[in-house]
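This is the structure I want to talk about, given as structure tokens.
Lettered A, B, C and D in written order, each chain numbered from 1.
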Amino acid sequence: MSVSVGIIGATGAVGQRLIQLLTDHPDFEIQALTASESSAGRPYKEAAKWQAKGPIPESVADITVVPTDPDEVSSEVDLIFSSLPSGVAEKVEPEFAKAGYLISSNSSNARRDDDVPLIIPEVNADHLDLLEVQQDNRDWDGAMLKNPNCSTITMVPPLSELDQFGLEAVHVATLQAVSGAGYSGVTSMEIIDNVLPHIGGEEEKMETETRKLLGEFNGAEIQWHDVEVSASCNRVATLDGHLENVWTELEDNPAPSAVEAAFQDAETIDLPSAPNELIRVFEEPDRPQPRLDRNIENGQAIAVGPVQETPWGIQFDCLAHNTIRGAAGASVLNGELLLESGYL
Amino acid sequence: MSVSVGIIGATGAVGQRLIQLLTDHPDFEIQALTASESSAGRPYKEAAKWQAKGPIPESVADITVVPTDPDEVSSEVDLIFSSLPSGVAEKVEPEFAKAGYLISSNSSNARRDDDVPLIIPEVNADHLDLLEVQQDNRDWDGAMLKNPNCSTITMVPPLSELDQFGLEAVHVATLQAVSGAGYSGVTSMEIIDNVLPHIGGEEEKMETETRKLLGEFNGAEIQWHDVEVSASCNRVATLDGHLENVWTELEDNPAPSAVEAAFQDAETIDLPSAPNELIRVFEEPDRPQPRLDRNIENGQAIAVGPVQETPWGIQFDCLAHNTIRGAAGASVLNGELLLESGYL
Amino acid sequence: MSVSVGIIGATGAVGQRLIQLLTDHPDFEIQALTASESSAGRPYKEAAKWQAKGPIPESVADITVVPTDPDEVSSEVDLIFSSLPSGVAEKVEPEFAKAGYLISSNSSNARRDDDVPLIIPEVNADHLDLLEVQQDNRDWDGAMLKNPNCSTITMVPPLSELDQFGLEAVHVATLQAVSGAGYSGVTSMEIIDNVLPHIGGEEEKMETETRKLLGEFNGAEIQWHDVEVSASCNRVATLDGHLENVWTELEDNPAPSAVEAAFQDAETIDLPSAPNELIRVFEEPDRPQPRLDRNIENGQAIAVGPVQETPWGIQFDCLAHNTIRGAAGASVLNGELLLESGYL
Amino acid sequence: MSVSVGIIGATGAVGQRLIQLLTDHPDFEIQALTASESSAGRPYKEAAKWQAKGPIPESVADITVVPTDPDEVSSEVDLIFSSLPSGVAEKVEPEFAKAGYLISSNSSNARRDDDVPLIIPEVNADHLDLLEVQQDNRDWDGAMLKNPNCSTITMVPPLSELDQFGLEAVHVATLQAVSGAGYSGVTSMEIIDNVLPHIGGEEEKMETETRKLLGEFNGAEIQWHDVEVSASCNRVATLDGHLENVWTELEDNPAPSAVEAAFQDAETIDLPSAPNELIRVFEEPDRPQPRLDRNIENGQAIAVGPVQETPWGIQFDCLAHNTIRGAAGASVLNGELLLESGYL
């Protein structure tokens, strides 16, 4: 028995990835696709400028796109995936939640709200029950949960493993792919033979979302982790795959081999789209590389480079596919977690 | 009255940059060019595969390349610029020094030797007199001084300014241009749609050279600075210009405005190739960018981005042209310093 | 005595190039800058997102941008440079011409109109007097002349030289830089590790403009040349510089050496921005290359590769800087031609 | 019953692709891998610097590499795939053929020899029996057949279809990927923000191989087709996928729709690695694009853009994956043809 799902903001880059990931999904079946008024009323294959590799899946090509409005979406739909621009999502997602839909959202709005769970299933699935607090607070039949920013998702699984050694501080520099800015977000004139430093808003997201993700949920609220994070985010000329240089300050001063073991033993979760191995550790110093390693475990694993000692703790590089594990795939995992946890 | 100079290793990428910078130089005149045996005996225009922009300067095109051997170089030459591979330089530079030549070298060998000055003129010109110790130690008529690695040069001028605020620790991530690896150092298959992490040897150079550069010379030896530096070095698809994300830990906790003022007031030096402004501070968060800013002050300035506070000190980005300020131009400056200081 | 000039559409990519080329121009002085309503009323340095290398020239930084309307431009201005989007230019340029301004335009509208001269000064300066026909026809005090499309300008100077050998047919494939599409015209997602074939509208422009440029002006109208041109236009990941592979069919079957001599002897014109050498012929088969050769003669020369025989005529490659010789620089040359010819 | 095969030159880029394509092949089983003396004696996983996506297939990782010498290869091997540099292949391939091996070779040597079949299975499988002439001529127990150059393979299937309309002349410009030059063939300094025209030797290969491929085999020799081909070959910054702009001169002046139908109806061949659809025709003018379309039918199809009329015939673009259909995959297809035709 599959769950009927809808995608709101289905024509954008993340929307297209969602369609790829949800086509042939064992539990979910796409029933509704929404977009802005100008696209509504047309079959998806005409409304979207399909930019993903491979053709538009046949199962969605002829679905008529409807406006992004809960009244326009069939009531058979139980779960909504949202990849709207945050300005739009801020207004629309609460409308869907009020109308009774569960929403797994990739949009950046509301991520830090006290009663909105921000979740990476392998890291903090136990935060999910904050949804009940949310429904109480807001008097909603539905509810929304969020996945973090793509650059945050890349480093938090390894950081979560380091927490056992007393995680106190993180410095992180990112080398992010252009797809993270959306299909038209970075022009060719900007990035050929160039790097763009200080991607707007990205650094603050990494600094705050990390603390919420690693926080403790006491049944009523999340106690944010007190790790100090300082991020410097750069856009480079790669298509997909965010590479990050991470330094951690650790109270317990573990040996690199202990950290490496912790990474390799990171607990996985039994969800259809979850990787078998959450963290793949490379021994070669010149790995992970975006083009070579972004597709490990269908883009859902975190690739980590050699674990090295510094005067203060442990340095490592990490890499994830930013539009799969870092965006659409993260939302799909959160949808699967909702199903697994009995919310659907 | 110009000084006759020779370039050893004249056909490589840095050698070509040296030729560009020394052609029309007010004080130096190229008299000798050396290369490996296979190139020797041919006019430079045939021996070198000229890859720099613009044509080969006419003044060197017909100079006959000689083997890299002090006996082959005219005794009229007083100053040698070296851009040999370090393995070759290790053997050859001492031969030239023994034969009485002064050598301004970009090669990485011997940079950490106790009696070899490692110099950025605006930062530690006072280390130059270590040459006398060297000549005593080694019983040489000549002597050699070194400029640091390109990635070290980029960050040390601003770090030197921060020293007044109690510089304790540095984390640095680099986004380095392909030209830093030499003309054939990075293949197109490696770097298109990709990043290469942990450039071999680069991180250790940044960690050690920085401490020597910021050290104190007491007339007999350099007391290395005790700042702890941890570097993570990445190769990205830019042609020229190393961009670096730098975090510093500062004892005195200065305001960003004080740091910015210190950067802007960084002392310059009166040498023909020195920039008028050593550090150019940008207010825009998306600057400096390699393609836009690598040529400031003919590639001899350090471009710095906005100065930001972190929980531990100050974060900033910096950028320099890696084959000018970071290599050939650094050697030329050191040659000018030798002249200015009366060594020639 | 300098001529006061205005730039309409001054904030775009070509507008910025115009400003660079007109700053410090011996004959022209920028007096007016126009842009869309949303930019009007602000100093240029705020109205424009300056993207060219180097800072905004001080002489224009504080000029207040006015709306693109002849009534808003000082009557002291005698010459207008236009780099408006063609849709806007179609409406606005006639208004300026009617109001008495001479316009040197890079916009693609009206290029094929019977009474509008389309000019490359070295190729068909004698077409300029079509302006008189235009003024008669349209009852305008002012007038407008056009420069061709960037990809057309690149190949027409050599084709013009081949005309003496009986030019009958041209096949041309282009490898065009992203700057030709404007600053935001090509996204990074489109062009990294990719090529975009059949650039919209470009092929037809090359096929028709070439025939008009090579045509005969009999005092009343242009008799278009009857050469058949077939173009295939591709966008590649270069920043500047259109490279073109050209095959010609020539009635007279000249030797490559004769063609090479014709290229090298191509007549130049005595205008301030004109190159000393119109066509630079390379002997090396791997030249011209966009990055190495786009800036020859300040970007105003045409670089040509080795001249080769085919079963039907002559094959050669050519290259020009698309935003200088192919756009802004072409307009400046046409403005200089107007001055030289007594129209100003 | 599978055929035991060997790969000579197994560590290079094409050798690695061969391994990828032959692993899990229904008819072939890799039994021997050869490389230069310096690699011999080591397990493949150590001898090769594996650069393909994904890990080294386990079935070859531990095969001990042997020198490229027929005496070193197990006599159980029946078929040899060769991707040696042509200079080496010229010497070694005849030794293997003399020793009784059948060789499907991608190397460029001997491709134009009178008694060496040059084959694209869907185009000229009937040339295969030239192998008998070869064995007679050379008194060999084995034999060698060749696949054409990558840039030739891309355009010949569509040209073969056009032959029915009286193919008289071809102009072709290529935009070739860097992988065509081998892993280290194009440096990053050469290709970032650049194009390299006139790739050495490539143009002549396209001009001659095309005529041989389209020729008639009369049982004794190939009568080369008399089509005149003129090629201009460019290297661009794409990783894989050669895009080509092709103009044809056709005697019969067919309508574009007839040509399109001919392309779509191109005969396929029943071999395990052959595409179901040999030529995929796109209607969109901006297709095919290298990154989007190089992997159609596992990289074995030819993608063709819109068919357009010119004054002389038909223009179209075509694209193929240069290391699959254009190299390793072509050799595998030829090996399959040998098996299918009873030579094995």
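Following the convention adopted for this analysis, a residue touches a chain if its C-beta (ideal position, glycine included) is under 8 Å from a C-beta of that chain, and two chains touch if they have at least 3 such contacts.
In this text the structure is predicted, and so the values were computed from the model without any measurement.
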Does C-D or A-D have the larger number of C-beta pairs in contact?
-> C-D
Taking each chain's centre as the mean position of its Cα atoms, how many Å separate chain A from chain D?
-> 42
Chain-centre distance (mean CA atoms) for chain A and chain C, in whole Å, is 47
Cα centroid separation, chain C vs chain D, in Å, comes to 42
Touching at least 2 other chains, the residues of chain A are 192-193, 237-239, 291-292
Which of line, ring, star, complete or other matches the graph of chains that touch?
-> complete
Residue ranges of chain B touching chain D (in the complex, touch as defined) = 51, 178-179, 183-193, 237-239
Residues of chain B defined as touching chain A within the complex = 169, 171, 173, 175, 192-198, 200, 228, 230, 232, 234, 236-239, 243, 245, 247, 285-292, 305-306, 310-312, 315, 317
Mind pulling up the chain B residues that touch chain C in the complex?
-> 53, 192-193, 292, 295
